[in-house]
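Each of the next two complexes has subunit A plus one more chain, namely subunit B in the first and subunit C in the second.
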Partner chain A sequence: MDFAFLADTMGQLLAVTPLTIELWLLCITIGCVISIFVTWARVSGVPVVSQLAAAYVFVFRGSPLLIQMFLLYYGLSQFVWVRQSFAWPILRDPFNSAVISLALCTGGYQAEIWRGGLQAVPAREIEAGRAIGMSRLLLLRRIIAPNALRQALPAYSTEIVLMMKSTALASLVTVWEVTGTAQRLISQTYRTFEVFICAAIIYLVLNFLVIRLMRLLEYMVSPHLRGRPSTVGVPGLAEAGIPKAIVPGAPPEHAASPVNLPEVPR
Partner chain B sequence: MSLLTILGFGQTGWGGLLLAGAMMTLAVTISALIVGAIVGSLVAWAKLSRNLGWRLFGDAYTTVFRGVPELLIIYLIYFGGSLWVSWIGTLLGAQGFIGLPAFGAGAIGVGLISASYQAEVYRGSFLAIVPGEIEAARAIGMSRMQRFRRVIAPQVMRFSLPGLGNVWQLSLKDSALISVTGLAELMRQSEVAAGSTHLYFVFYIAGGVLYLVLTTLSDRVFGVAERRVARSFRGGLGRG
Partner chain C sequence: MSGDRGVAALSVSDIRKAFGGVEVLKGISLDAHEGDVISILGASGSGKSTLLRCINLLEIPDAGTVTVAGETIRMKPRRKGGQEPADHKQVDRIRTELGMVFQSFNLWSHMTVLQNVIEGPVHVLHRPKAECIGEAEALLEKVGIADKRNFYPAHLSGGQQQRAAIARALAMKPKVMLFDEPTSALDPELVGEVLRVLRALAEEGRTMLVVTHEMGFARNVSNRVIFVNQGLIDADGPPEEIFGGGGSERFRQFVSGLHK
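Coming up: the complex of A and B.
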């Protein structure tokens, strides 16, 4: 094992890691905004609008990201009017093209995730909200959005981890992030395995951090699903009428128990 | 030249080339799925093993192959594999660099990625088997192999079908990355056609449409297969 080479490679890859993180942050943020509009259109109930949203999701989920990226970066430059338009300074830059195509693609995937979350909101809760006279916006803010977001979080964390991996494709439109730099080092040194190990460690650490953060977020937004503190072995509690068993993942009906944890303010 | 001639099948048309690319994409994805099924079931076995070492190996495999960009894995297999083959070549007296066949490298690369997803699918399906059935098989004296062949494998295959449909779609899209090795699959052919005609937009759209056709058709195939398999679930004892 040549540690000097490994350290040197790691150094070069770590130097471009901020670029990967920047790509990732930008694309999931813009993608999230896109997905909210697409989801809104998808569940709008207006036939043409929801069909357009469905078509968007179909196209961006059904074709490889690489071809979408090439279409945006190389394809658009075919047209003179694009090259003369105000958007050209933005589209000309490979970094921007990569961010836009990553965002468009994840927008389609995220829209499906939000839709799944929306479908999981119990109809009874929406009815109850309506029955006590909540306005549409209040209903969305208090009942629908918190429920849907909580349901969608696990799938959402999978999606953003997939996006971390997808940023690697930006290297094919000449953005020298971690994978692109790794590929260049491989072709310069022919030491594939060492370079691969270094790059893999960077991605694994990044993904590990993302997953941990998302787990923490999931934990924070679902206090009512947590098992209540154990009273097993605590004398006197059972007699006081407090249930003994810990119920991991207990249904919300039990949430009003006397030993329930304080609710996280939303 | 009109668009129709360029995309058509005539002398100056690129339609045939694109279709050949689509066929290559299908072929390489099917090979990858087979590689993935073999490696994936072994990894699932390791993950379900009672031996801690095997379990750690299985978990490490799925973590690495699902956590590292697909492109990086394809580079590893293609460049790493070629170096390895060249090294064996020099032992046998050959000179210089020997490239790994792009088809094989691509199928193995996408296959190993697909294996990590397939392993999770198989593991989930195995855990979905009613434990009583395995106990019953043991009680009537079936050997390990018989249990696997008669009780476990048929059910795992049935339960896995929806999950495998998802893995297939993933692999189909991952196969576009094999274009970096120069394999003449759909992505690569679109690039070639786009580069030689300078009609980038047209050919990437055409390639994208062909991918959509492939994903839609395979969705249909899996849908039909799932409905067929679902017939065997009805009235299954012990499954309500």
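Coming up: the complex of A and C.
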């Protein structure tokens, strides 16, 4: 093992890791905004609008992301009117092209995830909201959205992990992020194995953090899906003949108990 | 019931409703006065739940009007036939005056019992939260689940969930309470705890419409019994009259069928 080489490679790859993170953050954020509009269009109830949204999802889910990226970066430049348009300064930059194509693609996937979440909201709970006099907007904000978000989180976390890995495709439109830099190091050293192992470790660590954060978020937003709160009082009380009780006003005592998630309907 | 007690708390007039060509309600009218406890009985499929759901417009009646405390819900004709609410804001406002309790509780699963109860007063009626919490605690005390205030619905028994749902409806201070088979989804041993709450509410003088299969409740707690058969009111009167042989032939068959 050539530790000096490994350390040197790792150092060079870590130096460009912020670029990978930047690509990822930008594409999932912009993609999230896109997906909210697409979902809204999809469930709008207006036939033309919802069909357009469905077509968007179909196109961006149904074709390879790499081809979408190539079309955007290499393909569009073949048209004179694109090169003369106001968007050209943005589109000619490889980083921007990569962010746009990644965002467009994940926007389609995320829209589908939100739609699944919306469908999983129990109709009864919506009905209870209507019966109590909630307006449509209030119903969406207080009942539907929290429910749908909770239902969508596991799929959403998978999607953003996939997007972390998809940022590697940006290397093919000349963005020198982790994968692109790894390939350049390989072409200089011909040590494919060591360099790619270093790159893989970086992605693993990044995704480990993402997955952990999403688990934490899931845990925080689903107290109602955890185990029944313990009614066991302070040790010794039972022996002393004092009935087990929950102190009024005290928060449920299940925060320390192991997570006990029932099957989430998908 | 005579009209000499002033404006009816709730008045429905000639309600009709069809689902896919099948007429479920064929023109039902009834007035409920303040303090009336009306049990609505009927075989399954007779249209009694649909009637209740038409009152707060969870189902839009094809024809007929609903009037709550003198205010009639404005309807306009729909192009495809039938009618639809003319003003959704009015519907939302009138719904706040009609407390609905569902067969399967329909509590909001992501909120604790207390959050369920204060949700309407705080977010629909825009009342101060601290005040609502105080009232909610009193209501939970009344229905006997004050110790469960920080529990989520999934952690409660059916009877506890239904009592929480009743507290949620009461928190809106509705003029009329609508109960849609409130004990039908409960295990037999849990029915009693919910019926006790219903009886206590009746004794307070609340105006209540209760779709139920509990003959004991209809006979002993309500002051009026309505028997719905095939989309029409078949018998209507005080329980002693209806159960004492004054009901229709269909009603006698219905009751004897229950005791087989």
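In this section, the second predicted complex is superposed on the first by the 227 of 266 C-alpha atoms of A that agree within 3 Å, B and C clash if a C-alpha of one lies under 4 Å from a C-alpha of the other, contacts with A are read in each partner's own complex, and residues count from 1 in each chain.
Please note the rule applied: a contact is a pair of C-beta atoms (placed from the backbone, for glycine too) under 8 Å apart; a residue touches a chain by one contact, two chains touch by 3 or more.
Not measured: the values here are computed from a predicted model.
Chemist: Taking the superposition on A as described, I'd like to know which of subunit B and subunit C A:G45 touches: first, second, both or neither.
Modeler: neither
Chemist: For A:Y190, decide between first (touching subunit B), second (touching subunit C), both and neither.
Modeler: A:Y190 sits against subunit B, while subunit C stays out of touch.
Chemist: Is A:P89 touching anything from subunit B or subunit C once the two structures are fitted on A? First, second, both or neither.
Modeler: Touch status of A:P89: no partner.
Chemist: Is A:I143 in contact with subunit B, with subunit C, with both, or with neither (first, second, both, neither)?
Modeler: After superposition on chain A, A:I143 lies in contact with subunit C alone.
Chemist: In the overlay, answer first, second, both or neither for which of subunit B and subunit C A:G62 touches.
Modeler: first
Chemist: Is A:P223 touching anything from subunit B or subunit C once the two structures are fitted on A? First, second, both or neither.
Modeler: Only subunit C; A:P223 stays clear of subunit B.
Chemist: Could you say whether A:A128 touches subunit B, subunit C, both of them, or neither, answering first, second, both or neither?
Modeler: A:A128 contacts subunit C only, not subunit B.
Chemist: Pick one for A:N207: touches subunit B only (first), subunit C only (second), both, or neither.
Modeler: A:N207 sits against subunit B, while subunit C stays out of touch.
Chemist: Of the two partners subunit B and subunit C, indicate the one touching more residues belonging to subunit A.
Modeler: On the superposition, B touches more of the residues of subunit A.
Chemist: Need the overlap of the two footprints on subunit A, from subunit B and from subunit C, as residue ranges.
Modeler: No residue sits in both footprints.
Chemist: For subunit A, which residues are in contact with subunit B within the complex?
Modeler: By the definition above, subunit A touches subunit B via 58-59, 62-68, 70-71, 74-79, 161, 165-169, 171-172, 179, 182-183, 186-187, 190, 192-193, 196, 199-200, 203-204, 207-208.
Chemist: Which positions of subunit A touch subunit C when the two form their complex?
Modeler: Going through subunit A, the ones touching subunit C are 122, 124-125, 127-135, 138, 142-143, 146-147, 150, 222-225, 228-229, 245-246, 248-252.
Chemist: Touching subunit A in the complex: which residues of subunit C?
Modeler: Listed in rising order, the residues are 56, 58, 88-89, 92-96, 98, 100, 102, 104, 106-112, 119-120, 123-124, 146-147, 149-155, 165, 168-169, 172.
Chemist: Could you list, by residue number, the parts of subunit B that touch subunit A in their complex?
Modeler: Touch list, subunit B to subunit A: 63-64, 67-72, 75-76, 79-80, 83, 172-177, 179-180, 187, 190-191, 194, 198-202, 204-205, 207-208, 211-212, 215-216.
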